[in-house]
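Shared between the two complexes below is chain A, which pairs with chain B and chain C, respectively.
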Partner chain A sequence: MKKLMLIVSALLLTVSLAACGNPSSSNQPAANTSTGTSPSGSGSTSAEPVNLTFWHAMSGTNEEVIKQVAATYNETIGKEKGITITPVFQGSYGDLMKKVRAAVQAKDFKNLPDLVQSPASDVAVMKSIPSIVWAQDLIGKDSSFQIDDLEPNAVQTFSFQNKIVGIPFANSTILLYYNKSMFADAGLDASKPPATIAELGEMAARLTDKPSKQWGFILTPELYQMSSWIGMQGGFLGNNESGRADTMTAVEFDKTGAMKNFLTEWKKAVDLGGVQTGADANVKEEFAAGKLAMFVDSTAALRGVLNSVGDKFEVGTAFYPKVNASDKGGVAVGGSALYVMDRGDQAKIDAAWDYIKYSSAPETQLIWHQGTGYFPVNRKTYDLPAMNEHLEKNPLFKTAIDQLHSSSPQVQEPMSAVNNEISTFLKEEILSFVLNKKDIDTAVSDMAAKANKALEEYNRANK
Partner chain B sequence: MERPLNVKRLVKPYLFLLPSVALIFLFNYYPLFKTFFLGFMLVDVVGNPVEFIGLDNFIAVMQDERFWTAMLNTFKFALITIPATLLISLLLSLLAEKKRRGSSIYQIMFALPMAVSMSSAALIFQLLMNPTLGMFNYLTGLQVNWFGDEKYALTGIAIVAVWMGIGFSFLFLLAALRNVPGDLLESAELDGGGYIQKLWHIKLPLISPTLFFLFTTDLIGSLMVFGPVAVITKGGPMGSTETLIYRMFIVAFENSKYGYGSAIAAVIFVIVMIFTFITFAFEKKGVHYH
Partner chain C sequence: MRTKKHAMEIMVNVVSLIAGLLVVFPVLYSLGVSFMSASELSSYPPKLFPDHAIWDNYATVFSSTPVIRFMGNSFLVAAVGTLGRLITSSLAAYAFSYLEFRGKRFWFLFILATMMIPGDMLMITNYMTIADMGLIDSYSGIIAVMLVSATFMFMLRQHFLTISRDYRDAAFVDGCGDVRFYLQILLPMSMPVLSSITIASFLGLWNAYLWPLLVTNSESMRTVQVGITMLQFPEGMVYGPIMAGVTVILIPSIIVFLIFQKQLVFGVTSGGLKG
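So, the complex of A and B:
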């Protein structure tokens, strides 16, 4: 009898374990039905409420604005149409993309969001995910959306063979930030920030005071910076128009001489002694602490920088320095786009598309721009009186917009799925040349060879 | 009546084992086999194995400079953290060994790092060891860019890991030391044995099973270190803190090369297994069970 009891209890234990496992696994479908998995397709009645999940990578000041925009939508248009959107912060772009990749790899479409914000550097990955609904298809069905209103540079960023994958949402360019008070103290004209890398090197040297750990400029260039520094010289970084005309299979910066030009100028600048390169530094903190005179970062950092500097000193913004004074290409568009994911429910796709349209509308983009520093992706935003008022009051925000409008849409980050790897190779090889570990030709050919190998490996697995 | 009972008797232990065996298979062995399987495949960005490529991935791992750098970094890390963790926690537990008034306070203090989550600890140390704003350099008078300089970053990570490991080891060693029979120590005292002699000839041999256990878990833990690297340095600067697991993570989840990443994982598994076997061989010589 005792033994029987034991067996029964052991069985009970297994059953209870199975029971424990059950609710969590059935959790998702249950949640789904409650949010309206009606099979009625696109014509589902608006009475059925739709709940959308929106993964984003905006933290700090910018996250507040994301929440504010979503809340406004939920209270107005969303309320009318029965759509509720929930923004979920998923860490940096890198962390967010890792989660998207992991969910896609596990084919866990239930846990994927309906909307994803993904950066310019990862368009190639996004376009290869089967559950992404290309924006081009959604635009084709919706005549109310005018893609011509959007900034052409940003549209180009997220397009492959002239078909747009995601709708630009939070877009930026790289920008030079500088401390005007430090310029004045060093006897430099604060209204004339450096226009070229050569000038940057000279000014940085005068702004540097090593005993008090004060630097003129800190940067270890990676793909983000190089996309603009290579692109502005005229050619493309990779073949097939950097992957936008067709799959990128090799880099081109080694053949066009653009990388060599850059390396020559950059080394001259570093050798003047005012540029710190190679060490990881938190440039925004150093800048706000008055220990760093200049740095380059996304325009989206502007609001945060202004907040952390306060009235300690006057901040200046300027165009990204050129490699050669004659460069005309300008800078690449960074930032991110919103993508719709197909999770088997047309009502959700329609709702997500509605939110995307709201996000890129002139009024929303105005709020977004004022709150963050990302430039407005909708050109109609400039027709709003409030926008002109804002730019008059805040001339620092205007620099980014002027820079964008004088840049060629052809200057872009490459559309390859191995951008992370290419970025690492560029960073390491640039550094090994600058620190005299390699001569210039070896450094260029090594980084090209490594990048080409990574592209080849990826293209072999993903045809 | 005799027979069915015997069957029950036979089945019973397996029934008890069933839940844990099922879970272990689901969460340990299935992923292990799948990893080995994917290691021989070309896997696309969506995670589908597209082509069997034999040993290509493994050959690529062996030829990958960064993999060897990661291996070297991991060994360096293990070489710093294991002795440091054991030594410091042994010293602390020797200090706390005798029960005195209020000794529970510093016992708790020594063991408390265990209660801090890895990421929070890593973030706190990142601030403490900030080159310009941090307390660490201020108090020690050093001018070291702990996590930003290639030369020191791995040591910096090791310091964080040691701090986080101390609490756990301390707790085990304290319990072991307090279990050393008092009569043995007393008779040693009667024979005129001093503190060092008692420590060397009685306490250490008697706590050697615990030391061995800690050594083995520390070894496995440090060969598979990931957390502080991911939070603080992300493998940088210039790959100087890239460890084996971090390399695998980046290859698989950032570069979307799951096949190649799986091959790295398989190699790491073999390395850790070899080291575990070596320590178990050593156990027979160095560990004294009473």
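So, the complex of A and C:
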């Protein structure tokens, strides 16, 4: 008995010590108390030099471009205005978010960055962080910034209730990649890639050669693909305009019939035998190895795909296949945006805003596009002669850009903080229907019920 | 009888060889990939080793990341952290196995209980503590939470308990004090355990990812595992430079292992109480 008491008391003390973090409320920033009477821009040469920190998640060659852009800024405009920006790579988007959250929770404003890069899928999370200064407020104080120049699809991605939270920085959409040589070998016209899921299924069947482990198409649809396949049919994936008019509380794809349409088409395609689904496959590797004729992925993967294919065969790019031939919505925009953080120093906020303006300018976006493969977020970029020259030389990139320009800004990934969960539910239920484990109505109602429950739980806990 | 033993020996060797190959295969493959071009890597059928070894991937590692700096940082963190753990856990283990004091059992259980709290759960609280101390983005900040380890303390205490108390009694009769017995008799006798702790701790700290990522903000403070992610391409599939980076940062771990493994084997064969 005594022994038990000893163990219990030791455990209790440990737990209480461990749980007793020190949430001391030291140096709170002057949150939004500054009314922003003086946006920088005029005679700021006399002001003290401002050092900005910029956390991003771009690695490899993309990081080199970020560094190059920042260095150019520091040498030109930055030098004039006394602003120096230091970009720091902070791991993947997920890791970067953990760091931001840790610093916000610890109220460690000294170590927060001034600028953060965050992906489209995390807007719902970013807008709930109190230290984020909404870009809408900054635009309101600065008449020199023309938001109409930016791609409306991307602006909509990062907006909530028509207020923009972060300024788009790198754009991408989903795109169909195909192997032209394999099309020719199978007797298909390589200049006519599939336009609908039905055509995709037929062509995939002709491109498949199972004895030599060669597939026409490989995909296990998740939220990323479904955002476009549901959105292009006209409706929204979730209520309140998929979370952009107000907090999303339930999904809508079950009521509009969009999911059922998709499932019917998708199952027909899979049943023709040329589509592999449900297995984990590294599509880009299979494609580069000549064992896969078609796949869909982000447009930002284009450069990497071209590099790994080398001169083994000719790569083609095409619009993302439609569910019904009459669909007009197009595809959802992915990519990332830059957010300004309030660290209690108005001079830094102004400087960070100045850098954002620089990074979304047409010339900067051209450098960014050529270096990384992300689309320019600024429409004025297409007026530059260098851009037209570049697109003529690289017609594969042009397909991607044309697709974006023919897409409706209303087609978006849902703005919810439980996108990962919803993605898993969609994936599981779509599979169980395609593999004949559930009938179509049960699959649709099950995925809607699960998604609604996840949304409800999150919304209840985060009022 | 002899042939049976012989057959048995061959069997054991064959099984060991297969197990060894299985373990070493990923390392060999990453070495092979580190010399391949992107297009060769994705050829079909897959190759284990390149036809023409290229050094471009290594050039990328050294030109696009300050990998030497990362290795220096990791080495400092792993070495100081391991040394700290050896000192704190051996001293604590000594107290818990040889000394008598009030609440000894309670404190022992108290320390053991900390092992049950997952490290990830403490990440944010630790961050807040380190932030309050103003140690973010410093070596002290990375190392501070790594200086003690309940697991290693427990391992050492269990080991000390297996050493007969007769050694201590005999040493005390000859005029030895606690400090001298600890330094000159107990620690040398515990070399195998200390070596295995050193290896485990060094590898663990060398490979630490999330904590160093959280507390460091500038590129020059990064450790190797965080640094190596700079070579990843979010949307691409350029494994060559990553594998080259992995190969480079593997070398120090192997060296540390080789040095202390000798001690490990030596200790196992020479240890134990004789009479």
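Note that in this section the second predicted complex is superposed on the first by the 401 of 463 C-alpha atoms of A that agree within 3 Å, B and C clash if a C-alpha of one lies under 4 Å from a C-alpha of the other, contacts with A are read in each partner's own complex, and residues count from 1 in each chain.
Please note the rule applied: a residue touches a chain if its C-beta (ideal position, glycine included) is under 8 Å from a C-beta of that chain, and two chains touch if they have at least 3 such contacts.
All figures in this text were calculated on a predicted structure; none of them were measured in a lab.
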item	value
Partner chain in contact with A:303 - chain B first, chain C second, else both or neither	second
Which of chain B and chain C A:379 touches, first, second, both or neither	neither
Partner chain in contact with A:163 - chain B first, chain C second, else both or neither	neither
Touching partner for A:111 - first (chain B), second (chain C), both, neither	second
Contacts of A:291 with chain B and chain C, given as first, second, both or neither	both
Which superposed partner A:98 touches (first chain B, second chain C, both, neither)	both
Partner chain in contact with A:461 - chain B first, chain C second, else both or neither	first
Comparing the two partners chain B and chain C, which touches a greater set of residues in chain A	C
Contacts of A:418 with chain B and chain C, given as first, second, both or neither	first
Overlap of chain C and chain B interfaces on chain A (superposed complexes)	6-7, 10-11, 13-14, 98, 102, 105-106, 282, 285, 289, 291
Residues of chain C that touch chain A when the two form their complex	38-39, 41-44, 46, 64, 105-107, 109-110, 112-114, 116-117, 121-125, 127-129, 131-132, 136-137, 210, 213-214, 217-219, 226, 229-238, 241
Residues on chain A engaged by chain C in the complex (per definition of touch)	6-7, 9-11, 13-15, 18-19, 21-24, 26, 53, 55, 57-64, 86, 88-92, 95, 98-99, 102-103, 105-106, 108, 110-111, 113, 172, 282, 284-285, 288-291, 297-298, 300-301, 303-305, 307-310, 312, 373
Chain A to chain B touching residues, read off their complex	3-4, 6-7, 10-11, 13-14, 17, 94, 97-98, 101-102, 104-107, 125, 128-130, 213, 278-282, 285-286, 289, 291, 417-418, 420-421, 428, 431, 454, 457-458, 460-462
Contact set on chain B toward chain A in their complex	5, 8-9, 11-12, 15-16, 18-19, 23, 42-47, 50-51, 130, 132-133, 145, 147-150, 233, 236-239, 250, 253-260
